[in-house]
Amino acid sequence: MKVGIVGASGYVGGEVVRLLLSHPEAEVSMVTSTKHVGEYLHRIHPSLKGFTKLTFSELDYDKMSDKCDLVFTAVPHGTATDIVKTFYDRGMKIIDLSADYRLHNPEDYTKWYGWEHPHPDYLSKSVFGIPELHRDKIKNSQLVSCPGCMAVTSTLALYPLIKNDLIDTEHIVVDAKIGSSGAGAGGTSGTQHAMRAGVIRPYKPAKHRHTGEIEQELSEVAGKKIKVSMSPHAVDIVRGILCTNHTFLKKEVNEKDIWKIYRAEFGEEPFIRLIRDKNGLYKFPDPKFVVGSNFCDIGFELDEDNNRLIALSASDNLMKGAAGSAVQNMNIMSGFDEKQGIMYSPLTPV
Amino acid sequence: MKVGIVGASGYVGGEVVRLLLSHPEAEVSMVTSTKHVGEYLHRIHPSLKGFTKLTFSELDYDKMSDKCDLVFTAVPHGTATDIVKTFYDRGMKIIDLSADYRLHNPEDYTKWYGWEHPHPDYLSKSVFGIPELHRDKIKNSQLVSCPGCMAVTSTLALYPLIKNDLIDTEHIVVDAKIGSSGAGAGGTSGTQHAMRAGVIRPYKPAKHRHTGEIEQELSEVAGKKIKVSMSPHAVDIVRGILCTNHTFLKKEVNEKDIWKIYRAEFGEEPFIRLIRDKNGLYKFPDPKFVVGSNFCDIGFELDEDNNRLIALSASDNLMKGAAGSAVQNMNIMSGFDEKQGIMYSPLTPV
Amino acid sequence: MKVGIVGASGYVGGEVVRLLLSHPEAEVSMVTSTKHVGEYLHRIHPSLKGFTKLTFSELDYDKMSDKCDLVFTAVPHGTATDIVKTFYDRGMKIIDLSADYRLHNPEDYTKWYGWEHPHPDYLSKSVFGIPELHRDKIKNSQLVSCPGCMAVTSTLALYPLIKNDLIDTEHIVVDAKIGSSGAGAGGTSGTQHAMRAGVIRPYKPAKHRHTGEIEQELSEVAGKKIKVSMSPHAVDIVRGILCTNHTFLKKEVNEKDIWKIYRAEFGEEPFIRLIRDKNGLYKFPDPKFVVGSNFCDIGFELDEDNNRLIALSASDNLMKGAAGSAVQNMNIMSGFDEKQGIMYSPLTPV
Amino acid sequence: MKVGIVGASGYVGGEVVRLLLSHPEAEVSMVTSTKHVGEYLHRIHPSLKGFTKLTFSELDYDKMSDKCDLVFTAVPHGTATDIVKTFYDRGMKIIDLSADYRLHNPEDYTKWYGWEHPHPDYLSKSVFGIPELHRDKIKNSQLVSCPGCMAVTSTLALYPLIKNDLIDTEHIVVDAKIGSSGAGAGGTSGTQHAMRAGVIRPYKPAKHRHTGEIEQELSEVAGKKIKVSMSPHAVDIVRGILCTNHTFLKKEVNEKDIWKIYRAEFGEEPFIRLIRDKNGLYKFPDPKFVVGSNFCDIGFELDEDNNRLIALSASDNLMKGAAGSAVQNMNIMSGFDEKQGIMYSPLTPV
């Protein structure tokens, strides 16, 4: 299958390319960039030297439709609205990695992004790209919108708890910690190494945009409006995200009950690992042991003193949190083996 | 004033020595270690080369009482109980950096540490060493017990909220992130660089021992039992701690009200900085901008959507979180200027 | 092909297992450890959870010979001498990752390691495992000894210069920089995160053992004794190694001549990339863009002012510097496609 | 003494301010910036919150001459030529932290910087600001030019070797490793955290500008033209620099002889520590144990096999490598105690 990537010079776009260049069913036939037209792809992504001779093209809808069977869009939030619609109208399959088609309710764009969606009627055409929740819909969709990295990581841990009506939905606290690649390749004075290294920086303690996605997904399964209190922090790693999902139990349950619930939900999922060890190095999920893979590792701890259940989830923000999920969705949409081209073991230690 | 340090080979003991060697009123006259007797202090703490010719001695109570007016004890938890009592009985002033005299209630040692305190009647002789809360008592005390690094950092942010009855005391979530120096100089396979670098490791999501200290202090001011839900995480820095204190408001307040409360409580404190900026690099507390200093930086964000108040506090775990507080307590106990020998600006960028 | 790994609990052994578990021609049938017998492999290498249910066995020569067609030995230097000999005598194919069969001359063990080799007559049976230099010999060998990470990285950059008699062999300075995984999973107070983070630590400025391997290989091609001045430094990364090979030119050459020489030598090599860009992020080799792959990236700069040629080489010390090379050797010895199971793109950014 | 800092928003300017705000003899009366006029200094340097209420001013020569007795200039290379001359002509004392008055020979600016110096006759008015080499001249100078961080660090290690005619001056290799703060606060795509973290990046293997300074200083003491082969590398720390100075001995000397030479030269220097330990954590200089201080730690190793002497020197690039040296020079020029305001112990572990 021939694929194109719009916006391939960023970290997420580059990761999509990296995965596809080794994917047995995909052939990358076109990559675009606004800034680097004509340059070799491996100049911007030096890791890929030797894997491709591709150069960046301008975004030309005709050429891309011609050359590609499926398109990934990895452009900044707010700039994908028209691009996605244009490809959609031409009948192309699209996997969007921006936020522009994640939220089903047009009003949510006003609330979380501060702008009005120019194509509100297209929002319903998009499937939210968490395979573990929406595999069947993804299979038959023309447009899949991949979730934000914190959204997918947190949602996967919380979903079974909400579905099984286990927790107090008034006090869901998601404390997220994330590496610098999550901020993208563009930069500010605060993302310079000397200023970004060594931080534990709360960067949007309230009203972070990914909150809207988590609330959407949890509300859908709960059948009522769920509110989530999310606070992300930048920490001194490049790749990886940990969500510490602090929740309070509504009923008495023990550890075994909770494991049962997680196993029932995710026991057969190829990209979810349930983490449980009383000893050793890996008692709880930690991005350290996920980096480079498409896994979302999930575990938990019970705090009986406070009736608290701490659900922990870790992923590689560029893999399961972005490009890995995107290719997983491509596999599903295209009838390929879902694991193809993304079943890498984590790279440890790194 | 002549001071001695029991257990000077660890990170905390070493930091106490570092501060005292430049303190205008203190003279370090004796340092002990069990492992390094006879060795130069600067062999274990190479930074101090050129600042002292001291060597490590064995712990000899007679000599130490003879040579010192005040003793710092920086030995592992559980091993200070007798040492502190012995010095106390000899009439010496003691500043203890272990956990052994932090909790007032003997039963709390059973609960949080799993052992019975051998000298329960001495617990009431000890003052909990947060100057901002107990300055007057510290002034006249013979024994001060310095709080755990997470305890002091979190407590300072939460104390004014509890004192002013602002928050729901059933849902206080303290999500702490801390550097590797907090684990001390001893090590395990998990603290080796290759395994410890790059982590976001939840290491005791429930029932962490410092919780007991925070609950003690908050309960005291609340006049009722307060429960705290704390979860610490190891992150890839060496020094520094951030506490993200997620709380839920009981009444309607706005940003200004909360600033007033913090200012009223801490406006005159030399080592607390209230952080507030809508723009720029430093919108919220971050250990990055505190490292090397004795400051606890405090700030907050309001999450109106969820009626949540996120109180943020950052400190250097070896300074305000340990040795800096200890020397601050020494200054108070000894009638020195409280800022003496510890009013360093943070070292940035580092 | 059924393979066994002796010493699979270390970083190198773990990396061999990681690669083989995804290798299309290999089946890991036995892994040994002295400390972890009976434990799941994924407890020690949490990344591998989901990829295998193997547990660690004791080293039992009969069982291993029975179960395996080929054995990797990844035990500490000095402890492989007997193990390798025993398997050799049983007719097994062996790929040794220790230093015990790297040096051909028994006296070199006295010089560099300080002990006498117990089986000096077996040294000649071993082929030095750099495929780019000894592919043909490796093909037909029963025993391959994989080079040290600094040795292979440095040798690959220097070999063409020596072969073409380009440089003054009296002043070859190899300044190496390496991450913490190179030190192995065992630890000292100096490898604890708080002490190891932030270092640029010269750890053996003269007489480092890998020097012997580089000298052996370069001397062989030069047809005379070559001396190398190597100084390794520990830097604050986990994976990766850069060798800055400072050399002085014997004759006048220009940039193009040198590129020709490198291309002639390595132009067809699947795991060597020649790095050359006047602009952009990747002007010279840097482990940043190699990590996770089996590449050795090679580049250089001419310093006309001093008649100096700085040859730069970067690799992932656990991949090309250890396990990747080992599997590459296995592929060659077994008649598989040389790239199989190790042609991964580097993981960037990480 | 009233001091002003031109260009106080960068890392070096900020560090000068940090030191001076705690200096017993200095009062910071004016700080300038082109971008941040009117903003609080602590907004750009959050660490300094609580230490000053200063705001940034425009550079106004009249006001500055009026308000200040001495001026530090910390602006980018090439932009200080006129500023320094203007203050000089007004009779002000100046300490310049740019490269613009470091080189005595105007032609060196053409060679190393590619531009012609507009005020070549002023170069001779400037003293090169390494107190250990030029203390007497500094004492009576109106203009001191502080050396580059790599230049001062390397020169201090090499100077005694050249002065004592110990080494072959045709093969001096300086392999430098440096943290990200050395690149200044401005940034490129390569200095973004995600791209800068984890690197060992050779960024100017030949013809780095600081080479000119080292050559100037060594040639002066040698009485003949000395050539230095320097190659700097960016590594993953923020502060700190290590110079591995590989040299080859001209005569036979032993370890003791070399120590004598270093002690004779630097034994009384307050900011040079000679590092020597056969065991322990600190066998050789390492910026880890210097960070936050004004020390240059110097040590060495003999490589008898190759007649090589590896002289090692470590410093904090913002302290001894920039602001610390600058204040040391101020102290000397002003008749203050040379150690005043800069005798901090390193901050370890950090």
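Lettered A, B, C and D in written order, each chain numbered from 1.
By definition in this document, a contact is a pair of C-beta atoms (placed from the backbone, for glycine too) under 8 Å apart; a residue touches a chain by one contact, two chains touch by 3 or more.
In this text the structure is predicted, and so the values were computed from the model without any measurement.
In this entry, A-C is the pair from B-C, C-D or A-C that repeats the interface of B-D, since more than half of their contact pairs coincide by residue number. For chain B, the chain with the farthest CA centroid is C. Set side by side, the interfaces A-B and A-D show unequal numbers of C-beta pairs in contact, with more at A-B.
Work out the mean CA point of chain A and of chain B, and you get 38 Å between them. One simple way to say how far apart two chains are is to compare their mean CA positions; for chain A and chain D this gives 45 Å. Taken residue by residue, chain C touches two or more other chains at 11, 181, 189, 194-195, 197-198, 236-238, 281, 291, 349-350, whereas all remaining positions touch fewer. Taken as a graph of touching chains, this assembly is fully connected, with contact between every pair of chains. On the side of chain C, the complex with chain D involves touching residues 171, 173, 175, 177, 189-190, 194-195, 197-203, 205-207, 227-229, 231, 233, 235-237, 240-242, 244, 246, 248, 281, 283-288, 291, 301-306, 308, 310, 312, 314, 349-350. By the touch criterion given at the top, residues 11, 179-181, 183, 185, 187, 189, 191-198, 236-238 of chain B touch chain C in their complex.
On the chain D side of its complex with chain B, the touching residues are 11, 14, 18, 21-22, 43-51, 180-181, 238-239, 273, 275, 277, 280-282, 289-293, 295, 343-350.
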